[in-house]
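Structures for review follow.
Below, chain A partners chain B and then partners chain C, in two separate complexes.
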Partner chain A sequence: MVDFGILLQILFWGIYAGCIYILLATGLNLIFGVMKVVNFAHGEFLMIGAYITVTIFVLTGFNPYCIILLSMLALIGIGAVVERLCFRPILGTSKLNEIFLSIGLIYIFQNGAAMIWGDEWQSIRSPYQGITVPVGSFNLPLDYVIIMVVTAAILVALYLFLKKTRTGREMRATSQNRKGAMLVGINVERMDILSFGIGCALAAAAGTLWVVSGQVFNPYMGSIPAVKAFAIIILGGLGSIPGAIIGGLIYGIAENGAAYFLGGVWKDAISFIILIIVLVVRPTGLFGESGE
Partner chain B sequence: MRYSVLIIVVALIAAALVAGCTQQVQQPAQTPASSVGEIKIGVIASLTGPASNVGKNMWQSAQVAADEINAKGGIQLGASGPKVPIKLIVGDDESTQQGGQKAATKLITDDKVDILVGGYSSAVTSAYQQIIAEYKVPYIVTGASSPVITHRTDIDTSYVFHHCPTTDSYGQYTVTFIDQVIRPAVNKKLNAAADRPFRLALLYQDTAFGKGVQAAVNDTITNNKLNIVLVSQQGFKMGESDFRTQLTATRAANPDAVYLAAFPNEGAPIITQARRDIGLNTIFLSVENNDNAQFYKDLGQYGEGSIIESRFSPYTAPVGILADAQSKFKNSYNAKWGTFPDMMGASTYEGVYIAAQAAGNAGSTDKAAIKQALVDLNMPQVIEAMKGGSISFTKDFRESQFDLWMEQLAFNQTLGETRPDIVWPDNLKVTDFTLPSWYQPGSA
Partner chain C sequence: MKLTRDEWTRWGIILTVAVALIAPFLSGNLYLLNLLSLMLICIIFASAWNLLAYSGQGSLGHAAFFGIGAYASTLIAVKSGVSPYITIFLGAAVAAFIGILIGLTCVRLKEWFLAMVTFGFAIIVQTITVSILTPVTGGWDGIASPRLLSPDIPGYQLIEYYSILIITIASIIAIWYIMKSRIGLAFLAIRENELEARASGVDPVRYRLLAFAMSAYLAGVAGALEIHHIGYITPEIFGVDLSFWPVTYVIFGGLGTLAGPIVGTVVLTIIWEGLKMAGLTFARYVIVGVLLILVIIFLPKGLVDLPDQLQKWWKARKKA
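Our next item is the complex of A and B:
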């Protein structure tokens, strides 16, 4: 019989892992929703966000949780440049162009990061390490509670932006019907660059939270999370932000549950088993629409 | 939407297929012995990818050895032959099996090396052994520790020589140390009877390396009828960075100590997450490849009290004749690269010396002659402690025999990192093993 307290801990670690996935997958889905481009290099933005966080942390000694805003701002800029120089010229051409362009970007970003920061594994320490919040018989490390709160705050901010602002509404309109949006006077190219930048900023936030939680990182760290983020958005439904959130949580919890009940080697496999099952039962994903 | 999903799935499958392809290889021409102008030594190391930290150390150490040998005029071919320099050529295995196959093929067919040195991940090294067997190139493996490397029977391994302890040795030494040193110390702390079973947990990388350690631990306990119970055996994927769930399961098993079969980029997060996030305040034992400057840096204060099985450390050396040799190597490395060598670097440094010695003894670059020279090799130990004080390979599986030791880490407030002291065996130790004040033993 499994101890209930142990299950709660596994759930907690699953939600924590889910937070990283949610931010990464939501950004990816925002980009796909507006531009309909497939960017396999999205994990590299997480990696760059991690390195920017560490660089600013080492140079200034700022609280790494505060650096998340700087990291996101930097990635909005980097994302805008990548969109303008790389993706816009091939927009509307073959999907294969997008795929091979993004694979090329993976190598460019990885090798660029290795040249700038070196390719050794690195890690940093949170200023709150060792501080715990007692919940029942379980002492929750404060860092992970903060990570969950920060993730929720970012998602709420994104929701308010998309629902309550004019630009957000224009972005949603572009996502729903690009030609229709153009006909009513929305500058869809501006929406492209903005959605790409925001998507990269969300990946940067995931990168910051990754390093603050004490996980090691190097220039090659982004590939596996990116593959999982793709699986999450397919699971949740392409273009669906609620789908990315629910999918991210499902993956985080399922991975950690599998690691406990089946063994650590099943941690990655379970994600794709779930994906296959969902696609067989509901090919559009949990929140996807068949006409998209 | 279905179109998009289909494109993504097809692209992923295509990428996997392309990555799985291997190059066709052709038999290279042999370099005539009469025209030997240099000895070409190929070094296979992980310069990129997850194992790049260790791989760079191996490659840089090899260059230190080559510099030293060439500074003395090179290696003499035969008893009265000319002295020729050695030339190193690196092949990056990219920390992947496919990368290893490309690197080995390029070094053999394009660069036409006379002998190979290196190899870190056992899984990666195993993947290109077929190429080594096909071309019959002598290969001194200095990092891949699975005994399978020279024990496998599906291909010809007669040209492969193993110059690093195998996972069998790791497991045997570490479990013996637990039985002879940690178990009595825990019993003393608990005022428990001498026959109290010691509760050991194992966290292992799910590869040939990790499973090799797991098998060695199980076999050592069973074969020697040790009073040690394995209360938890958790596997994890190579390159994993989040171990909290496995550590939660490990803690639930109430271990007296946890043995980690992990690489440094895994071992440091495991110990940090265990002590900081899970509250698992126990003794962690790591295998020798963790004795690496980056490992100490990543561990910070959480490494306090941990144990590393070792044979070469950046920060300590055994008492005796090897201390000066190790110090000289560390200083040369530091002068050239501005940092300290690790254990895989040390064995690769020795691997270049062994390769040079074998080529010298063979008197030519004929690969069969070099292989025979390796079979017959008996040269003085270089910087690591060898059984009998000399380097030679066993007749059955071509493995050199090391003397290993156990280090315990103590936190240095000034450095903000831990530093090791040798605590076992008695002839090498500089201090005694102690249980930290915060240590919490397990319970049934």
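Our next item is the complex of A and C:
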């Protein structure tokens, strides 16, 4: 019989890993909702966010959790540039083009980062390393608690932005009906840039949380989490943010469960096995209504 | 002399084959010979990917078939002692069989759903190779693979090059034949409009599976050739990099055309090696990435389309 404490530990590990996936998947979902574009290079923004955090942290020694805002701001800018230069020209052409373009972006970002920061695995120490919070029978690292709280705060802020502000409403209108939004005078191209930028900022937040929790990183770290984030939004339904949150948690927990019970090499494979099973049964995803 | 389009094509083909035939004699350099052999293998691989894309299915996990063909051929050759010249085709048959299985999970999927599943599949295969199959595959360390020809034979590299060249030409002729035949037409019909294709009696499921099988077979041949050429195989062969290369080559050359993968592979290899000589490492990828994006945006039909575009531009300029 498996120890209950271990199950609890897997659960918390899973929620922590899930937080990063949720941020990535929510950003992708936002971009997909507004632009109907998929960006396989989304993980590269996570990586850039991580490196920006580390660079600022090493230079200034600020509390890394405060740098999250700076890295998000920087990525809004980078995202806007990428959208304007790369995705805008191919909007409305073949869907496969987006995938091919993402491959180009992956080459550029990964190796550009390797040129600037080198391609070794690195890691930094969190200021709260070693501090734990007792939860039931075992001790939860304080970093995990902070990460869960920060993720929740970002998601609540995004929710308020989308529901309560004028820009947020315009963005939702664009995602519901692009032509209709144009007709009522919404600048949809501005919405494109904005949603892409916010999506990238969420990825940057994920990157910051990744490094400050003490995990190792290198310029190639982004591809696998990004593809998993895709698997999550397929699982949760395209454009559905609650779906992304549930999917992210399921993936985080399943992965850590698989790593514990089957061995570490299965960590990545299990996500895709889940994805393939789900797609064989329901080609439009668990909560998706119609195929895109 | 004014040449028609067909004549241009014919002379182009003759010239290409002639260059490929005499290339090894232009320089006695073994590095160049090795490079040419690997380039030919990449042409087969890219053409295989292109065949699948021709039926409207863009795969991001073709390294899976490349690797399965390589592993299967190596293992058959090691266990049975048969010459790699035969096991290449047996290994590829294994890849084709797996291709059909993957095809079965993909028949209802499109565009990036399909891309995701194929991408994930390459990772699953890699995981299985290094976990359950470790006793046969040697896990992460890999295993030695029999060479195509024993290095004792004088001039074996030259014979190897011509063997690979013959297989490449045969593959391209086969693909040309498939594209021209009813099967190719069916692929096109499915790609353009699946509903209409079905209305006119084309069974999309069957043809999609067929495309998967043929593409996986050719990718398997390419993988087996490469591994028997190098002489060693590790699970790195299933890596993301190898899945992206054929895509890059094909997009560069021209998606869905016969010449696209060839032109793309040759041009990119030249650029790649040129940049390597200039001493660039990471910057090579950045440059290729930028070129790729420029091609997608400004030359959506790839480099094959460049002469037409230039002609158009030239005429427009003359008029103005």
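Going forward, the second predicted complex is superposed on the first by the 287 of 292 C-alpha atoms of A that agree within 3 Å, B and C clash if a C-alpha of one lies under 4 Å from a C-alpha of the other, contacts with A are read in each partner's own complex, and residues count from 1 in each chain.
In the analysis below, contacts are C-beta pairs under 8 Å (C-beta built on N, C-alpha and C of every residue); 3 or more make two chains touch, one makes a residue touch a chain.
What you are looking at is a predicted structure, and each value in this text was computed from that prediction instead of being measured.
Q: So, on chain A, is it clash or fit between chain B and chain C?
A: These partners clash in the superposed model.
Q: Does the superposition put A:229 against chain B (first), chain C (second), both, or neither?
A: neither
Q: Looking at A:93 after the superposition, I want to know if it touches chain B, chain C, both of them or none. Which is it: first, second, both, neither?
A: Touch status of A:93: second partner only.
Q: After lining up the shared chain so the two structures overlap, which partner does A:268 touch, if you call chain B first and chain C second: first, second, both or neither?
A: A:268 contacts both chain B and chain C.
Q: With both complexes overlaid on chain A, does A:181 touch chain B (first), chain C (second), both or neither?
A: A:181: touches no partner chain.
Q: Classify the contacts of A:103 with the two partner chains as first (chain B alone), second (chain C alone), both, or neither.
A: After superposition on chain A, A:103 lies in contact with both partners, chain B and chain C.
Q: Quick check for you: in the superposed arrangement, does A:141 touch first (chain B), second (chain C), both or neither?
A: Once the two structures are laid over each other on A, A:141 reaches chain B alone.
Q: A:17 contacts which: chain B (first), chain C (second), both, neither?
A: After superposition on chain A, A:17 lies in contact with chain B alone.
Q: Residues of chain A touched by chain B versus by chain C: which partner has the larger set?
A: Higher number of touched chain A residues: B.
Q: Is A:256 touching anything from chain B or chain C once the two structures are fitted on A? First, second, both or neither.
A: first
Q: So, does A:191 touch the first partner chain B, the second partner chain C, both, or neither?
A: A:191: touches no partner chain.
Q: Between the stretches 39-47, 57-65, 75-83 or 129-137, which region of chain B is in steric conflict with chain C after the superposition?
A: It is 129-137; the other listed stretches have no clashes.
Q: Just to be sure I follow: which residues of chain A are touched by chain B in one complex and then by chain C in the other one?
A: Looking at chain A, the two contact sets intersect at 38, 40, 95-96, 99, 103, 114, 119, 224, 227, 230, 234, 263, 265, 268, 279, 283, 291-292.
Q: If we count contacts the way the header does, which residues on chain A are in touch with chain B in the complex?
A: The touching residues are 3, 6, 9-10, 13-14, 16-17, 32, 36, 38, 40, 95-96, 99, 103, 114, 119-123, 125, 129-130, 139, 141, 144, 214-218, 220-221, 224, 227, 230, 234, 237-239, 256, 259-260, 263-265, 267-268, 279, 283-285, 288-292.
Q: Touching residues of chain B toward chain A in the complex: what are they?
A: 1-5, 7-8, 11-12, 15, 48-50, 52-53, 206, 234-237, 239-246, 248-249, 252, 264-265, 268-269, 272-273, 276-277, 279, 294, 298, 300
Q: How about chain C: which of its residues touch chain A in the complex?
A: Going by the criterion above, the answer is residues 53, 58, 60, 105, 108-113, 115-117, 119-121, 123-124, 126-128, 130-131, 240, 244, 247-248, 251, 255, 282-286, 288-290, 292-293, 296-297, 300.
Q: Under the definition above, what is the set of chain A residues touching chain C in their complex?
A: Touching chain C: residues 38, 40, 86, 89-90, 93, 95-101, 103-108, 110-112, 114-115, 119, 223-224, 227, 230-231, 234, 263, 265-266, 268-269, 271-273, 275-276, 279-280, 283, 291-292 of chain A.
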